[in-house]
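Note that the chains are named A, B, C and D in the order they appear, and that numbering of residues resets to 1 at the start of each chain.
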Amino acid sequence: MIVLQLKERVFLPLEAEVISVDKFAEAGSVDRISKLSVFYGRDKMELGEFFKIEGSIEDGRILIEGDLSKVKRIGKDMSWGVLEIHGDVGMHLAEGLRGGKVIVKGNVSDWLAMGMSGGLIYVDGNVGNLACASYWGEKRGITGGVVLINGSVGDDLGRRMRRGTIVVMKDAGDFAGAGVIAGTLFIMGKVGKAPGAEMKRGTIVLLEEPSSILPSFRYSGEFRPYFVDFYISYLERNFPIKFPDKLRGSYFRRYMGDFLQLGKGEILVCLD
Amino acid sequence: MSFKMDKIKDTFAEAFKMYGARIIITAVSEKWALESARSFTGFATSVIACGCEAGIERTLSPEETPDGRPGVSVLIFAMSRKGLEDQLLRRIGQCVLTCPTTACFNGLESEEVLSIGKSIRFFGDGYQMSKLLDGKRYWRIPVMEGEFLMEESYGVKKAIGGGNILILGESVDAVLRAAEKAVEASRKVKDVILPFPGGIVRSGSKVGSKYKFLKASTNTDFVPQLRAHTSGDLPKGVKSVLEIVFDGFSLEAVKEAMRLAIEAAVEVEGVIQISAGNYGGNLGQYNIYLRELWEGS
Amino acid sequence: MSFKMDKIKDTFAEAFKMYGARIIITAVSEKWALESARSFTGFATSVIACGCEAGIERTLSPEETPDGRPGVSVLIFAMSRKGLEDQLLRRIGQCVLTCPTTACFNGLESEEVLSIGKSIRFFGDGYQMSKLLDGKRYWRIPVMEGEFLMEESYGVKKAIGGGNILILGESVDAVLRAAEKAVEASRKVKDVILPFPGGIVRSGSKVGSKYKFLKASTNTDFVPQLRAHTSGDLPKGVKSVLEIVFDGFSLEAVKEAMRLAIEAAVEVEGVIQISAGNYGGNLGQYNIYLRELWEGS
Amino acid sequence: MIVLQLKERVFLPLEAEVISVDKFAEAGSVDRISKLSVFYGRDKMELGEFFKIEGSIEDGRILIEGDLSKVKRIGKDMSWGVLEIHGDVGMHLAEGLRGGKVIVKGNVSDWLAMGMSGGLIYVDGNVGNLACASYWGEKRGITGGVVLINGSVGDDLGRRMRRGTIVVMKDAGDFAGAGVIAGTLFIMGKVGKAPGAEMKRGTIVLLEEPSSILPSFRYSGEFRPYFVDFYISYLERNFPIKFPDKLRGSYFRRYMGDFLQLGKGEILVCLD
């Protein structure tokens, strides 16, 4: 394992896309890793100037410690290994993640996992807006992978996601799952306005009754969607996560929609 | 009856003409008779994909079998005599002939018979011997264990397939519990079997599909989560539906089994309605109206 | 070993290349997983007449299944990928899809897969939904009960069919007792199933027959009452012979199962010899010499 | 039931083929039955001259009492009903029997059941020679039916029988089952010379080791012929008969023969 400790607090944005198992492994030695370029504001600098770096990347593991809330693009395009962060993290974490694991013991800013296509992200704290969402003007959000958030998320969660699984253990803001093309979102706290707006396919699983369901959704019965049990069991077994007991073996009210679009999506609301 | 008729939908089950036979498998112990019978009746849930529908009718005490050993009676149904013959040949040949200590007897007196033993005897490679006892022909087919004894001819007669009930309820647990009770109750009826695993079907089907290549697909009207796509005929609160299918030698037996099944299921907590599957009444030869099952009783 | 090698005939079992898959069936209870598995593995004793050979590998605890429910692992073998695909389609469609509360998962990691779910999904009549979790695709097929969840792709790989041992003894009781012990012992081995009813065959066959239309007939050399017609190779005193057939994913697994079966059978009172069935060694791809099963152990 | 009682002992052969359920039923009344013709030696006489006849034939049952050892051809060609005899009976009993039951509580003379094709014969005592055998020059013995003899039989039992089941609970004389074409003989006592001589097909089941087996038979192994168990079970259940316990579930030495003929017959000798 290689350990990075933030030497002192950074005030300007630090563009640190070099922090990924792929790039560290490519660099090889601590010495060469320390010399990898980062942008601090507009200045090109070396990674070693910000972090105390020790250990070896041979086992594909990175641990970063410190307040990284101004550090952006950590784990960009990473395809393997484990990147663990103890502390809050800045925007664009795990952009384009293709594989491996990103674990955060702290909070995460906006644009988490933009363009992610595989791998796992686990966030112990809260996450900002536009997590797993498509970038402005892009047709697609994430296209794969599993994102587990133990806290709450902001607005526009999973916008236009094409594939993948997102679990939020607390609340989600407005427009959660808007424009979803496919994939699955679990929101285990409250959900904001217009969940699933313009979704085509895919599933939004809600533990709590939303304040409203868009009129372009249709009530479609109550049933036991067995895949929910399967997901719970699978995710709990394979990842550090625990779903509310109420969800287990439960029945759901189903709304199909959004009929402004294809209408093959569903919002499942857990029944008491 | 003690239950309320209004829980039983005023509809009918649509059943079809089939051909059926009864095979009696005996062995040194009930265990081995059952091993053979289970193999025989496996993969036999619907004629279209399995070639036949089959099930264990009941276990037989030594006093009830032709050779005084423990036995199992098995019913098998197909759409034609030819189909039934083919399946009997395969299933006796693969699941009874092969099974330690078994013997195989006809369990259905009928004027029309299929001479299955006449074909299976050839397995004896010329060393088989026939025996005629009290008017019935048997084949002794030499096998490594010693010999396999089977009756030559098996009665075949017209039968009824596809009698059914649907159990609609407020949870999977409730309808499963009700269906299990229904299965237990209806298994008391002679001449009837329930061809699906454990007697219950959870995937009833309708004729046709959106896909041209598919003859049958999920019974949309009874799938509780598809209300957005149906007429909405499913009673309020229904969250799960299970079906029981009945095949039997007579309309009376099928009706009796359905009646007992409904009586057992309808009183289970969480059951909302008992209904039945039909295709409008024009496809099958028999329309069995649920509410008429108690007429005259 | 503690037993005498001279009870084991210096011969070999001739086994064949097949293709195999492992299906994991889970349900709300072991009872329902078994109902489905028994239906799935019924009428599956020999590829020629049944289309496949299948059997229950073992029951699985909730900790061992993909969805944390009780389950059963089932192995199925056929002569070709195409044949295996056809049987998986039919048997999952008829015996798992239909059975209350079950789900169906792939149990064999392999580069080569059969996309069974891609076809079965159509039963959902357009209302099916796919889910991709952690790299695997699943289908949610709406059924009356609620939904049937199945994995899309099932690993298939080359396998070995027709491993076998023959148990020769002085009575039916003795060889049956020995065969039952052998079955029990060999069922401990992973990757192997015994396709016949209860794991035992009493009607071993040879290739060909006196009758031109028949591909296989009773294994004359091992039928104890046909000594007048054979070379007389059967040891003195043998009055009954039973066979156990083994299908498995690897030669090692089949050999291990055979070894344990022999060790369990050979010491049973009344067992005279353990032998094996072969066709001269030229038909099958694998010749498994009995006496070599203990080499290196 | 109609009851016939022999009025006094007869010394010459009495040809009484009229005594059968078929013929009595055809005649109808006791009066007409009494007038049926019989031959006593060379004299044509009436049945009623020899028997006291009472009762009715309506139920198809006849009971005859007395020493009938000179009375021949009783039950000829009978096809239904029950004919019960209390006393010894003469030759040709049940000749050509086609159906129904003939029950004898006594001994029976030669040529029992010649040409029988169906029905059941049960004899409580012993039976003479040529039981169930083909007549001199005839190609076939009995062609069907079940014959149960609780005592012993003489020579030539079942000669050239074509079909049918014969059970002898005690001994059988020489040439039992000679020339059998098909069918099954059980002999539960000793058997005389050359059993199965020139048999083509069929089975002779012996409880005891015969003094010799013809050299034209071949030893063919030891096994458990399951049909024996089936026959025992079936016959005991359907008829007033009890097989020796030793036979049940037993193993047999098998001889195939006669190889002077087709060689597809078998003699099964019960093992200890």
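Assume contacts are C-beta pairs under 8 Å (C-beta built on N, C-alpha and C of every residue); 3 or more make two chains touch, one makes a residue touch a chain.
Small disclaimer: the values here were computed from a predicted structure and weren't measured.
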item: Maximum centroid distance from chain C, chain identifier (CA atoms); value: D
item: Length of the line joining the C-alpha centres of chain B and chain C, rounded to whole Å; value: 26
item: Inter-centroid spacing, chain C versus chain A (mean Cα positions, whole Å); value: 45
item: Length of the line joining the C-alpha centres of chain A and chain B, rounded to whole Å; value: 52
item: Sequence positions of chain A contacting 2 or more other chains; value: 223-225
item: Chain B: positions in contact with at least two other chains; value: 146-148, 172, 223-226, 229, 239-240
item: Chain-level touch network, classified as line, ring, star, complete or other; value: other
item: Pairs of chains satisfying the touch condition; value: A-B, A-C, B-C, B-D, C-D
item: Complex contacts: residues of chain A adjacent to chain B; value: 218-225, 251, 254, 256
item: Parts of chain D lying in touch with chain B, wherever the complex brings them together; value: 118, 144, 146, 163-165, 182-184, 201, 203, 223-227, 229-231, 233-234, 237-238, 264, 266
item: Chain B - residues contacting chain C, complex; value: 28, 31-32, 35-36, 38-46, 49-50, 90-91, 93-95, 97-101, 122-127, 141-148, 166, 172, 175-176, 179, 196-198, 200-205, 209-211, 213-214, 216-220, 222-226, 229, 239-243
item: Contacting residues of chain B [partner chain D, same complex]; value: 66-69, 103, 129-135, 138, 140, 146-149
item: Chain B residues within the chain A interface of the complex; value: 171-172, 223-229, 234, 237, 239-240
